[in-house]
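Before I ask anything, here is the structure I am working with.
Just so it is clear, A, B, C, D and E label the chains in written order, and each chain counts residues from 1 on its own.
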Amino acid sequence: MEFEPKLIGFLCKWCSSAGADLAGVSRKSYPPNLVPITVNCSGRIDVSQIVKAFKDGADGVLVSGCHPGDCHYTSGNYKTWRRVALLKHVLDDFGLDPDRVRLEWISATEGEKFAQTVEDFTAEIKELGPGPFRDVKK
Amino acid sequence: MSKNKKKIGAYWASSCGGCDVALLGLHERILELLDFAEIAFWPAATDFKYDDLKGYGNNELDVTFFNGGIRTTENAEIAELLREKSKLLVAYGSCAHQGGIPGLANMSGKNELFDTVYKEIPTTNNPDGIIPQESIKKDGLTLNLPGLQERVRSLDRVVDVDYTVPGCPPPPELTEDFLELLINGELPEKGSVIAGSKTVCEECSREWNKESIDAFHRPQEVDIDPDKCLLDQGIICMGPVTRSGCDSSCPEVNMPCKGCFGPPSKVEDQGMEMLNSLASVLQVGEEGQALEQEKELLSNLPDPIGTFYTFSLSNSIFGGKVSEGGEND
Amino acid sequence: MAFKPRIGVFICHCGENIAGTVDVSNLAEEIIGYDNVSFSTDYEYMCSDPGQNKIKEAIEEENLTGVVVAACSPSMHEDTFRRVVEEADLNRYQCEIANIREQCSWVHGEGNDRPTEKALKIIKGTVEKVKRNVSMEPVEREHSDKCLVIGGGIAGIQAALDVAEAGNEVILVEKSPTIGGHMAQLSETFPTLDCSQCILTPKMVEVNQHPNIELMAYSEVRGISGYVGNYRARIERKPTYVDADACNLCGDCEEVCPVEVTDEFNQGLDTRKAINIPFSQAIPSSYTLDTEACLGLNPLRCSECAEACDADAINFDQTSEYVEEEFGAIIAATGYDLYPKEKMGEYGYGEYDDVIDGLQFERLLSATGPTGGEVRRPSDGKVPENVVFIQCSGSRDPENHNSYCSKICCMYTAKHAKLYRETVPDGNAYVFYIDIRAGGKDYEEFIQNVREEDRVLYLKGKVSKLKKADGKMKVWGLDEISGERVEIDADLVVLAQSIIPSEGAEETSEHLNLNLGANGFFKEAHPKLRPVESLTGGVFYAGTGQGPKDIPDSVSQGSGAAAKAIDLLAKPTLSHDPQVVEIDEDLCSGCGLCVGQCPYDALDINSKGVAEVNELLCEGCGTCASGCPTNALSLRNLTDEQLTEMIHAHIGD
Amino acid sequence: MDLTNSDRELTANVEELSGENIFSCYQCGKCSAGCPFTEEMDILPNQVIKKVQMGDGSVLDSDTPWTCASCLSCEVDCPKGNDVPAIMEAIREISLRKNLDRVDINKLETKGLPEIALVSNLRKKTG
Amino acid sequence: MRDITYYPGCSLKDTAKGFEASAVKVSEEMNVNLKELDRWNCCGTVYSLTDDNLMKQLGPIRNLIRARDEGSDKLYTLCSMCDNTLKRANLLVREEEDKRDKINSFMDQESDYEGSLEVRHYLEFLQDDLGWGEVRDRVEEPLEDLNVASYYGCMLTRPKDIGLDDPHNPTILGELVENLGGTPVDFPYESECCGSYNTVDNKEMVLNKTQTITAGARKSGADVLITSCPLCHFNLDSRQSDLLEVAPNHKPLPVLYFTQLMAVAFGYPKVNKFDEHAIDPKEVLKLENKVGSER
């Protein structure tokens, strides 16, 4: 059976989740691998949660927020930006491919971009294969 | 020996031995201790053999101070034995608590370690590439050596632990506190860490001025302002994610906290939490145009895992190096 | 855990919108076996009346403690369903929406199980969340009914009058000795050519007489603490050394005063005495002794004014008074200044007397100005025959000056040229422009009239330089349309200098932690949808401090800010979304890392050495909660545990 | 060009001859945009007007007024209702009244040309 | 028979004889008599635009006075140029009192004129006074399968206050074509100037325009092009033969006066004097074999 990645998507409520809704309204089809979790702000995401998701068996994690300058809370997305940057640096050292974490800015008007992002990300993770903790029962 | 006296054990697994010295750091108070306790097992200080230990009944030892992580099969075996023989098993010191510095070896596999230690180190002369074996038969005799396990584990990942006295090594005051609680029958609930409940920052007298961090420096590179928070000065101090109880002894003498007391109760992964908090207050250049400069900044952070996980790698969420598609526990 | 959640899951078909792709009845069956789910059902349209009733009935009959509605996006019906659960006596926050339409059924093809599998995961995650939700009520707090208006230009005047008229007390703080701002300096106003002072002074008088307005002129805000509804401001009332009630404006003091200094009101085109009144209709109508110009008060070097004053109004012993007041709302109307012409190297660095700025020309045109309304050039008083107006001076020049358009210069330059041509019919007026931006009502018509009837020669292009030669001022420019480089011997050059925020903008932003944009103007909460609000609750913007604008726009924004303030002050208590951050004091070590992360200044380390959140300021983004190194901070109803369990449910098997 | 000493009389003359307010042109360029003969012109019709506004005498040397066929495209297009062909005619007239005829009937090849062409040409291009 | 007072202008007696002949013939068919104005002089060809010289308006106005004196209240023209000049002069008299007074005081031989006359183009006559039905009823040889481009030029529709149709989107010629059974084709140069009198001293410029206009009409599918202006006709027809000398690949397009097309449809092609055309339209109009059948 073909490997189907398990992906978690953290979407900020104001931009990216609204963008995902727009993808829905415009019926932009994309693979169902990514399961979304809507949070108030991408700044709500702690890198430990991303690491835990991998430990739980996720193959990839998408974090998506408002474009720089557009954060509903002024600067939450900048915090996310730096957290993810540092996380990727350390993930590399840990031996986990940093490409398994993707940070995207998707606005409420970018339904197409949301769909495209999920499609690309799913394909990319398919290429990378299962994550290090996949199928290991806790 | 009085029948009322408590039987105390101590053991040194995979560690430097400093913890045993720390027990001795009780100094004259150790004599007071002997008024109501007797040493029933302490290979480093007194002449006990494993058979002596095996000879004890279950739970015969009142309390055992176990220092060091579980690196070898022997460590694991003794840990299980001590668990059986002890009413209370105390993870004593950073290595038993979190794997400690030996736990950093989890960034390499067992074979990699052997190769490094026995073959690649320049001062090693081993032309035949001989690597220690767990079992050798020679002249009809079998010689067994403890086997090296794939990873270092903290004590609580191997056996049930009753209490933890943290630190590298634990300050004598904490050991005293524990003994006092033990003697007075006032021990807290099982699983407690005998130290503060908050973090080093609570005890630290330095002042964080609520600004952000724009550069990393190593302590030797800068003139440290003794009143200002070390993080404020760009020195990575693990204080915010490290359990209190040491009286902020390192930061008080211009050394950043390295995190030996482990994380506070609600923190699962000390290193990740620090990385996250640090990133949250990073301010490089203009808001939003930071990534390139962050890379430059990270070049001043040559060994992030060594920095953020000095003591806690073994106990972290990943526990060590992960291998894509490989077997990780 | 003694409390055992009982969650009901309600799955909406949304006609075929969901049911066409997702096996809804299967979902209802599958989810019933899941932890804590004690009821599940599916229905054609959950948002319909019968659908809503199903939820209410189930809450009552099954004693549900939480509800998950698996349906469309929460942006559609979250509020609907939360009202439904409220009607069944469940707290509104015990209802969550699992979005299985926009983010599932609509985007995944039918004919396989995967959309159903994904929907199940989304629902499970939502169950994990809702079973850990706490019940919340909006945060309520008392507030002050007073409004502070900072700045007494036309925007501040309008705002103060509107707020006062609604019945709220207002303190209007103005830095200079009189209110009126720049509008008081203008000659006539475009496009109607009303006399500026004629339309302004009645409003100034109204401010002075309004029972709800306390005017503090010659005063400055020195500090503000607090938060929306409960600001506390410290205001310095500087000494004028003249008792305003006693002063009868006879002017004797001014006459005898031996010191003459540059007159700011006339933009330096004239002088004034050390004791002076800016202009005759100034409000408050009283003299002010300028101590910087005065020969000296301590020790007293000259007391001619006091001796000349029959009313005994002069009191050299006055000192600054400090007033502290509580305010519910604050309106920042700090106004503008002109970009200094001294920065314009190409136009002579402000060293040529006959190169003046727009406000100076206003004073030359004004009947109350230094020339009594006759256009005479500063250097020799000659009536200029050739006047060159240069638009965009310091504006739209990102390389050397300001990148932005100052918005009003096209109009006031046209007005200047017109008024000049009317006073000097034989004179020639030349206007250099890059574009003409006349976007206001009747503005374009005004410009066309100036070109057509006043025969002002508009030249498209910037002036490259001006230099004195043979006692004349030569202006070199371009007319892009004819393609001709042109030279003009100008008798007077008027620079339409860029508008910049006054110093007050930065001072006020420091007091209130307001954001300033790249150009130093106040930054709005949202540039389009919340243009008069700041990101700091209860602080509103009026006038040019927020960006270049003309009088009608300033007045509109003054009224807009006033309406926002009135709206806030009219509420009996202030209520706030309860989804805020809370702090576990047992975990917080007071490291302070959270404080700087909050964009709303809602966090501080209190006297107990632990973080404290001001729930009225917290907007609930949760950035601090994830940035807290000890996890002492958590965002209500989106805790670490909730996230972890949601992830767990989503990864599933 | 020297604007201070520009040919203000030119501006006045053109206004008088054309009956148009030269300053009412706000240089939108629509006249030039619709002119079918700009390719044959040295400067654009709107530039002609601009130069008249500026009192730029060089406009009298331009071909443009002579190339203009009074086709009135600009006249129906002008958003300000300016009679651009009249302005062109005014400029032609200024030259013609100085006896500067544009065409010389004696040198024209008139053979085969219809009357209508000849008469109108001479009416526009000779004084 | 209905009499209408008709001003021919010079071209119709010279280079555009076919225009007049066809107009006379088709009018006759519709029971209309083109009663030529008794004494007429040149209309002035181009309308004078100078504000200060009223001399140039005397020519056209004198024609108007004569028509009035003959007892007409309407004066009809065929030539667009005459139509334009007469209409504008008439408007000047009507609307500008000062100038009217000056003109009247100058022409002391004639009685004062105040613009009472109405100048109308023959197309307006067809459309409004007669009605298209009257035209349609006389069609004997419907112009089936003939694609006709209508060329309005400048003078019919500009300036706005005298134009007989929308200057940006005129339709009157197209309607005529439809009523003759032909197919009007849209083409982008319907109102683009042909170069007019510049044909005298700047032939090059006119050739360029001629090519643009005729090739443009061809490209839009036209078989023939119709006009009502003798100067346009000269530039588009005669100059097309000049054009062929410099641009041999140019595909010639016959250019007709609109009344000539009417005559063809009415079954009287011969009155058209097509022999005087530079580009022979007979083949396109399928007239070559029909010569004998001409009524």
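Quick note on the criterion: a residue touches a chain if its C-beta (ideal position, glycine included) is under 8 Å from a C-beta of that chain, and two chains touch if they have at least 3 such contacts.
The structure displayed is predicted, hence computed values, not measured ones.
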Touching chain sets, computed without chain D: A, B, C | E
Minimal step count in the chain contact network, chain C to chain D: 1
Identity of the most central chain, Cα criterion: C
Interface with more contacting C-beta pairs, comparing A-B to A-C: A-C
Most distant chain from chain D, judged by the mean position of its C-alpha atoms: B
Reference chain E; chain at largest CA-centroid distance: B
Cα-centroid distance, chain C relative to chain E, in whole angstrom: 67
Length of the line joining the C-alpha centres of chain A and chain E, rounded to whole Å: 74
Chain centre separation in whole Å, for chain E relative to chain D (CA means): 26
Where chain B touches two or more other chains, by residue: 273, 276, 280
Of all residues in chain C, the ones touching two or more other chains: 597, 623, 626-627, 640
Chain D: positions in contact with at least two other chains: none
Chain-chain contacts as defined at top: A-B, A-C, B-C, C-D, D-E
Chain E contact footprint on chain D (complex, rising order): 16-19, 36-37, 39-40, 67, 69-73, 75-76, 83, 85-86, 88-90, 93, 102-103, 108, 110, 112-121, 123-125
Parts of chain B lying in touch with chain C, wherever the complex brings them together: 197-202, 208, 210-212, 229, 231, 239-241, 244, 264-267, 273-274, 276-277, 280-281
Chain B-touching residues of chain A, taken from the complex the two chains share: 46-48, 51-52, 55, 68-69, 75, 78-79, 81-83, 85-87, 89-90, 93-97, 128-133, 136
In the complex with chain D, residue positions of chain C that touch it: 386, 430, 448, 451-453, 455-460, 479, 481-489
Parts of chain C lying in touch with chain B, wherever the complex brings them together: 584, 586-593, 595-597, 609, 623, 626-632, 640
